[in-house]
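Naming follows writing order (A, B, C and D), and every chain is counted from residue 1.
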C-alpha cells in the first residue's frame, strides 16, 4: 500500500504529461505542473534550510572542528533572511521588488555574493591549466584525437593560428588554422554532438519509461 | 463505395471551387456598414493617400485549444507604387458583436500581411478589419464575418510524433516483457560501471568516505533522476561494505529524495539501523556557494571515492580537479556534452551521455531493467536506418532528381520535423 | 563603487583565490559567508517569487495552484514519523511529471530534430539541385553523416564491440573524442575570460593600477 | 623560518602592497602602462621561463600545481598593462548576427534576453554593450528582459555603459519609448512559451514597476510576431537551447545568440539547421563583433589577456606531451602515470 499509491501517482502523472502533448486543451499542463513544482520547492526548503541550521547549530554545540565558521554561516544566513524578508533599507518600501537598488539585500548580493561567486567561477582558469599540464596526454589514439582537435580550436582562436598557417595558399584555405577550427566545429564536432544528443534522447525515454512503469523504484524507499 | 458517395466525390472539385469563391467574396458582403475611417478629419477635404488592404480573411488555427485565429490580407495596392505612403497596418477586432478595438499595429509594410491572433478564447466570436496606415490617416478594409475559434481534442499535426513515441516506447516495453519471461538478454560491459564496486571497496579499505555529488539541478531535471537511480545501487554496495557515504546537495528536494533512496538501499541490504539522515545534507542552492563548500569538504575529509553524476555546468572541472588533488578515485557522468571533456581529463571513469541514463538499469542486473536498454537500442537502430535511408534518398533526389527518392525523402522530412 | 564594497569585494576575491595555495582560515571564512548568505538569498527568492509571486498572487485566478500547495505541505509530513510515508506522494508526483514531460521533449528536440537535420544530400546543396556541391561541402556532409552514424554505433548496448561492429564503434568514439576536444578548446577561452574579469576588478577597480 | 611564518610574511606583504596601491589611487595617480619595448621584454621573460619548465619536466621533475597557477595569474594580469593591440578577423556566424541587426529597418523592435549572471559577465557584458550600442546607433528599439534573476541588472549596467558614449546620449533616447527593461520572470522555458501568446502576461510591469500598458514601446507588442529580431545572451540554462526549442521552433522567432565560449560549440547544431541566425561565441566573438561595429570596448581590451592565457595553456599541454614522449613515458610504464 505504501508503495502502491506513490507508484500509481508516478504512473498517472507521467502518462498524463505524455498524452498532454497531443491534446491541445491540455497544452499548458506542463506549465501548470512547473508552477506546482515551484511552490513545492518552497516547502522543501523548510526541510533543507532546517537541515542547514541543524547541522551548524550541532557543530556549535558540540564544538566540532571549525565550529567558529558556523557562527559566520548562521549569521550570514540570518542577515540575508532578515534583509530580504523585511526588505530592510529598501527605497521603495515593502511594495517594491526585494532586489531594488539601494536595499540591504541588493548591497549584500552585489558586495558579497557577486565577488564570491565570480571568483569561485574563475578558479576554473587555473584548473584548466593544471589539467592541461597533467592530464591531456596523447596516451592513445582517442586521447590524441581529442588533443589535436582541442589544439586546433585553441590555436584558431588566437592570432598565432593565422601567423602559423598564413603561408597556406588560398585555394586550400580550409587548412589555414582558423578555417580548420571552424570546419571542425561545423563538421566532426557536429556529428559527435548529434550522436551524443540522439543517444541521450533515447536514454531519457527509456529511463522515463522505467520510472513511469514502476520498474525503477529505488527512489521510493522500502515498504517500512 | 455507394453510388451517392462516388457522385459526391466526383463533384468535389466543383463544390470546392464554389465554396472558395464564396469565401473569398464573403468579406465584401460581410457587413452593410461603412468602413470606419474616423481618423480622417471630417471637416477638411478628404485626401485619400492610400488604398485599404483587400481580401481580409480570418481562419481558425487548426489543432489548437481554440485560442488562435489566423488573419491574412492582400496589402494595399499602393504598396506596389514607388511613392507609397503606407507606413504600416492596424488590426481592429470586435468580440461577440461588440465595438471594434485596436488589436495590433504592424509597422513593417514590406513583409507582413498576416497576423496570428492568440488572444482569443474558445466560445467567443471575433470579427476583424485591417486598415492601412499613412502619416495622416487610416484606411479601413471591410470587416470579416464573425468567427469562433474551434477547439480540437487531438493535435493531428503531431501524428508522426505520436507514432514515433509509440514505436520507441513499444520497443522498450516489449523487451521488458520478454526479459520478464526469462529470456537471457546480452548487454555489453560499460567500463565506468564495472569500476563502481572496486571504487567503493577502495574507500572501505582506506577507511575514508565516499562522496556522492548529484549535480546542481533540482528534481525537475532528468539527469538528477538518473543520478538518484544510480545512487540507489551505489548505496546498496556501500551498505554491504559498511563504508561511510557523504552527500552534500544543492537542492532541498534532492535532499529529501536522496534520503529516501539511501534509506531504502540500507533496508534492502538488511541494515536499516546503519542509516542516518546526516548522510545527506543541504548546503545552498547557489551554484558556486555549493562548489565552495564541496571543495572545502573534499580537502578536509579527503574522500577515497568521488561520484560526480548528474547535471553539471562550469563547476565540473573545479570539483573534478579538487577531487583529483586529494587522490580520490572519481567516477563521473553527465548529459552535458560541454562538461564531458573535463570529466574525461580529470576523472578515472566517465559515463558519456546515454550511459548515465542506462547506468542504473545496467547496475541493477535485473532482467526487466536490462530489457529497457535493449528497447532503446531499437530506437538507435531506427535512427541509424533512417539516417542511411534519408541520406541515400536525399543524395539520389539531389543529384539525379529521381522521383521515388524525392518522394521518400519528402516523406522522411515530414516525419522528422517537429514543426 | 564606494570604498566599503570595493574593499569587501577584494577581501572576498583574494580569500577565494587563496584556496589555490591551500585550504586556510581566510578561505574557510569566505566559504562560510558564501554558504550562509547564498542559502539566505535563495530562501528569499523562493519566498517572494514562488510563494508570494506565483501562489499568493496567482491562486485567485487559478485555484489549481492549491494542488501545489497541498503537495508542498505533504512534503513536511515527513517530520511526523507516524505518517511520514505520505511524504512520498509529492515525490512520486515530481518524478512522474519530470519523466513524462522530458520524455516527450527529448523525443522531439534530441531525436526527431537531430535525425531530420542529418538527412542531407551528399552531392548537392539541396534536393533537386543537381551536382552542385563543391569538394569541401561533400566532404563535410560525408563527415557529418559518417560521424553521426558511427557515434550511434558506439552507444549500442546489445552487441559487444568486436569485429566490424567494433571497428565502426571505434570510428564513432573517434568522432566523439573530436567533439570533446573541440568543446575543451572552446571552453578554455571562456574560463580565461572569467579570471580576466576578476583580475580587472582587483587591478582596476580596487587598486587603480590599470585603465 | 617555519612555513607558517613565511605564509604570514607573504600575507603581510600583499596587504602592505595593496594599501600602497590604494593610497596611490586615492591620491589621483593614473594607471600604469607598459611601453611596447617593456611589453616585448616581459613576453620574452615568460617564454624563457616556460622553456625552463619544459627542460625540468623532460628531466622528470613534474612541476607542482601551484607553479602552473602562478603562470596563469601572470599570463592574465600582465597583458592588461600592455598597450599592444591585436588584429581580429570576424567569423561567419558573428557576421551573420551583425548583418541581421544592420539589415533591420529603422524603428524595428529587437528583443534582448539577458540570461546570465555576474560571474559570466566578463564574456557576455561586452557583447551586450556592443549589441545595444549598435541597435541604438541604428535607431532600433530595444526591449530587454531576463530569464535569470540577475539578468535585468546586467541589462541596466550595459545600457549605462552605452550611454557613456556622447554619440548615443546626443540622440536623446527615452526610456519606455526607445528602450525598455521588462525585468525578470521565473519559469524558465515556460516564460518563453507564455510570451508566445502574450508578453504582458509574463511582464505585467517593467523592471521599475511601471505597468506594461504605460510603456509606449511595448504597449502594442502582443507577442513574438511584433518583434523583428531577438538576441539571447546566455550562460547556461535556461538559455539559447530553450529559446531555440520554444521561441524558434514553435513561434518562428528570428533568433541570434551570444554565448559563453563553453556553450557555443553546442549551438553549431542549431546554426547549421538554420534555427539560429547568428552567433557570437565567447570573448573572441565579442571582440570580433566590436571590430565589425567599429567600437573597441572591453572585448578588444581583454582579448590580449585571453590570447596570452591561451598560449600558456597550449604551452602546458605541449610541455606535458613532450615530456611524456621524451622521458615521462617510463614513469607511465612504471604505473606512476597521473
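Methods note: contacts are C-beta pairs under 8 Å (C-beta built on N, C-alpha and C of every residue); 3 or more make two chains touch, one makes a residue touch a chain.
Quantities reported herein were computed from a predicted structural model and do not represent experimental measurements.
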Touching subunit C and also subunit D, the following chains: A, B
Contact-richer chain pair (by C-beta pairs counted) among A-D and B-C: B-C
Where subunit A and subunit D are represented by their mean Cα positions, the distance between them in whole Å: 19
Centre distance in Å when subunit B and subunit C are each reduced to the mean of their C-alpha atoms: 15
Centroid distance [mean C-alpha coordinates] between subunit C and subunit A, Å: 4
Where subunit B and subunit D are represented by their mean Cα positions, the distance between them in whole Å: 27
Subunit B, residues touching no fewer than two other chains: 161, 165, 168, 219-220, 222, 225, 253, 256-257, 260, 283-284, 286, 288-289, 292, 314, 337-338, 341-342, 344-345, 352-355, 358, 373, 376, 379-380, 383, 418
Residue numbers of subunit A (touch at least two other chains): 18, 21, 30, 34-35, 37-38, 40-41, 44-47, 49, 52, 97, 110, 113-114, 116-118, 120-126, 128, 130, 132, 135-136, 146-147, 150-151, 154, 157, 185-186, 189-190, 192-194, 196-200, 202, 204-205, 207-209, 211, 219-221
Residue list for subunit D, restricted to those that touch at least two other chains: 65, 69, 72-73, 76, 119-121, 149, 186, 249, 262, 265-266, 269, 272, 282, 284, 309-310, 313
Category of the chain touch graph - line, ring, star, complete, other: complete
Of subunit A, residues touching subunit B in the complex: 18, 21-25, 27, 34, 37, 40-41, 44-49, 51-52, 55, 113, 116-117, 120-121, 123-124, 127-128, 130-131, 135-136, 146, 150, 192-193, 196-200, 202-211, 213, 215-216, 218-222, 224
Subunit C contact footprint on subunit D (complex, rising order): 14, 18, 21-22, 24-25, 29, 31-33, 65-66, 69, 72-73, 76-77, 80-81, 119-123, 149, 186, 245, 249, 260-262, 264-266, 269, 272-273, 281-284, 302, 305-306, 309-310, 313
Subunit B to subunit C touching residues, read off their complex: 161, 164-165, 168, 185-188, 190, 219-222, 225, 253, 256-257, 260, 283-286, 288-289, 292-293, 295-296, 299-300, 314, 337-338, 340-342, 344-345, 352-355, 358, 362, 373-374, 376-377, 379-380, 383-384, 386-388, 390-391, 394-395, 397-399, 401, 406, 409, 412-413, 415-418
Contacting residues of subunit B [partner subunit A, same complex]: 63-66, 151-155, 158, 161-162, 165, 168-169, 172-173, 176, 218-220, 222, 225-226, 228-229, 231-233, 251-253, 255-257, 260-261, 263-265, 267-268, 272, 278, 281-284, 286-289, 291-292, 314, 317-318, 321-322, 335, 337, 341-342, 344-346, 352-358, 360-361, 364, 366, 368-369, 372-373, 375-376, 379-380, 383
Subunit D contact footprint on subunit A (complex, rising order): 30-31, 34-35, 38, 92, 96-97, 99, 110, 114, 117-118, 120-122, 125-126, 128-130, 132-139, 147, 150-151, 154-155, 157-160, 162, 178, 182, 185-186, 189-190, 193-194, 197
